[in-house]
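Accompanying notes for the structure given below.
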Amino acid sequence: ESKQYISKRNIMISPETVCEFIGTASLVFTIQSASSELAPIAIGFVLVALVFAGGPVSGAHYNPAVSLAAFMRGAMTLSDLGSYWISQVVGGATGAILGGIVSGSYSTVASGDEVTPFQAQLAEVCLTFVLCYTVLNVATVPKVENNHYYGLSIGLVVLSGAISVGPISGGAFNPAVALGLSIASRFEGLYYALCVSVSNLIGGAVSAVCFKIVSKNILSEPETVVLGESAPLNT
Amino acid sequence: ESKQYISKRNIMISPETVCEFIGTASLVFTIQSASSELAPIAIGFVLVALVFAGGPVSGAHYNPAVSLAAFMRGAMTLSDLGSYWISQVVGGATGAILGGIVSGSYSTVASGDEVTPFQAQLAEVCLTFVLCYTVLNVATVPKVENNHYYGLSIGLVVLSGAISVGPISGGAFNPAVALGLSIASRFEGLYYALCVSVSNLIGGAVSAVCFKIVSKNILSEPETVVLGESAPLNT
Amino acid sequence: ESKQYISKRNIMISPETVCEFIGTASLVFTIQSASSELAPIAIGFVLVALVFAGGPVSGAHYNPAVSLAAFMRGAMTLSDLGSYWISQVVGGATGAILGGIVSGSYSTVASGDEVTPFQAQLAEVCLTFVLCYTVLNVATVPKVENNHYYGLSIGLVVLSGAISVGPISGGAFNPAVALGLSIASRFEGLYYALCVSVSNLIGGAVSAVCFKIVSKNILSEPETVVLGESAPLNT
Amino acid sequence: ESKQYISKRNIMISPETVCEFIGTASLVFTIQSASSELAPIAIGFVLVALVFAGGPVSGAHYNPAVSLAAFMRGAMTLSDLGSYWISQVVGGATGAILGGIVSGSYSTVASGDEVTPFQAQLAEVCLTFVLCYTVLNVATVPKVENNHYYGLSIGLVVLSGAISVGPISGGAFNPAVALGLSIASRFEGLYYALCVSVSNLIGGAVSAVCFKIVSKNILSEPETVVLGESAPLNT
């Protein structure tokens, strides 16, 4: 029983969860400390590096919505999903606090002026969809296993989204970013962070559904595709 | 007969066309919603990610001019060309509408002040040429099959062109972008979008001709090249 | 004799020289038409794409200084050097003219205000050195043959240099750029373009010397390196 | 004995140390000469190119903190560490002098207004940690040996950090940058440069410790990981 307990404790501080913690902390540290007009570039590019760094260890999700999409695609277990989510949110809060100490200011994810809640949440759903759709296609397809561009692709979506819809929704695309920043600023903006988190998870879930349609053939390449016998959109 | 009908319907909603739809929609969503000075970077970089994501499924054209060049190079059939074009334009319009809802404004492709129609269309021809020439060289040459830079190369041409000639022609380089944005704004600027589309297709066609000259040797590498027996430019 | 003549003519319009022409023209077209503050990014990134596109065909030099360095490194013949130089300068002039038509203005390479000629030329020597040193290391070393980052590395040096010393020297790092822009603007600034060209060739030549020192071991990896028997810097 | 002497002298001017010298000089030359708002992009991207260029020769550290992390990870010997450090600092000073001549101004690393020494040094520790953590994960793990993204990942961390905490700490993340710039400006800001250097080395050392935890499984992949028998964080 005691051994069992230690075992569970080890799952929580396994290389995978430490990797998720460090990666998410480093990402949110960058988001918290970057204040120039080039901030989206800083955020996206550090994510490129962190995904390549942690990919072989934990898959380098650093994002509960990405982990949800990976889980729905069958690329991770439910218990791993739980420990990943915890590592990511704790990492996000840690990075937000460290970034706040360094920069002397604590920011939160917030929507732009004259942006309706619907617009903001739709922006978060859409961009998180693009992010998770990209992750599933570049990082979970055997046909392109061991490619050398998965980290670049993933980071660039966040970079792009931070420029395009960042001024609209705040540009989290990641519950660990939204919640981490909120926790670090003593739960300021927590309601918005929770809304954003739900939108991100919805975007991730939709991406897993679309991925199934799109990857139908490349996931079963040896099989002969018989036209007319299956309606992809009904799967 | 019924089976035949279902079969055709399936072609329209095959993984390939869904992939083209999602990719083009995501690209045009970014174009519609990005309004900062870094917009060209957002547009080009999301294209990098989307090309890597969809490449193994559909070739990740997301652009009727690219599909035309691929067709002329012998890399896709005429019937595929048709379904790709439809998916791309429908995807472009969908992305433009979603982006318009999110950002609250609908933009169209338009030329800069004091730019003549000739200058604008020449800019579109030239840049679409560079784009399609790049696509054919990095994505249809057996010698560099399975390279890990095709998506980066393709997205970077669009990023570059959006900076260089974007202020001149509007920077579409893609009929699905020009038409999609026009459709979403209730056919505003449709004439200009059609002109741009023709210019894009011309650029794509010219690139296929130049590609034949340039790739003459690398497409037939095992053969011995005998100087003086063929005039490449006359092929 | 007639056949011989055709043969020579074919060398001039071989796939390699057409590839150099198209690539250099596309690069200088971008330089000529880009006018925003993001111009260095447009220039460097289109070069990334063009180098990946043309690399398998011609080596994708697009730059007489790069070709000189490649020649000194033993990677191309003297007669090829000649035809490459011609293709590059003609391509540069063509791109500059097209870019001038499209943008309605013709620029030339020029040094910044309050910059001495010595500072400007030293900047051109240093940056062309970094460029050619990078080319030789990423594109002519058997140990890293078939790598997927050579085009990225090469384009990023130009992007970087255009930001760092562009305001000092004009940021050509390439005689085909300096001369092409001068030719297109009816030989305006030709003297400066010639000085820059000489500086670029010097930078390229110095890079070939440094490359020999640095690559001493990786070019002869099977051999055992005996310390104390050779003084690398005296080679 | 004489031979022994020559041998040692050769170690100092080996391909590896010349490579570190050229790379660090080129990096600091860029830092010294870049003055536009895009300077972080110039600095990070030239580092991408230089890391890819010198990687096969010397590992392309160009940074005493990276070399320390590599040493602690067991990837280089103590005597190599010494000669690398000397090459890097001498290279940094050389690049800073050349860059100063070219740009006509000599800058040093300095913290932002209203930034406390603690904030500045913490920023340097954190970013150098992310940098070295990335280096160890992408460049010293057999599982991802011969990957084609290590240079990109490393350069992008510096690019990101120069944007995010550059305005806070000055953004060195590298003792050779801090000391090289100080030496070139006649030891101005030497005290701050020394503080930064210590912070950078601390960040590098911490990264080596974290790397051990995170890479525990991927470094010993053939072994079966038995849960409950080891506590990773106590290693």
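A, B, C and D are the chain letters, set down in written order, and residue numbers restart from 1 in every chain.
In this section, contacts are C-beta pairs under 8 Å (C-beta built on N, C-alpha and C of every residue); 3 or more make two chains touch, one makes a residue touch a chain.
Computed from a prediction, not measured in an experiment: that's the story for all the values here.
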item	value
Chain C onto chain D, rotation angle from CA fit, given as a multiple of 5 degrees	90
Interface numbering overlap (same over half, different under half) for chain A and chain D	different
Chain located farthest away, centre of chain B as origin (C-alpha)	D
Chain centre separation in whole Å, for chain D relative to chain A (CA means)	28
Centroid distance [mean C-alpha coordinates] between chain C and chain A, Å	40
Interface hub residues of chain D, defined as touching at least two other chains	37-38, 41, 148-149, 152
Chain A contact footprint on chain D (complex, rising order)	37-38, 40-41, 44, 114-115, 119, 122-123, 126, 130, 133-134, 137-138, 141, 143-144, 147-150, 152-154, 156-157, 159-161, 163-165, 167-168, 210, 213-218, 227-228, 230-233
Chain A - residues contacting chain D, complex	3-4, 6-7, 9-11, 13-15, 18-19, 22, 26, 29-30, 33-39, 41-43, 45-46, 48-50, 52-54, 56-57, 98, 101-104, 148-149, 151-152, 155
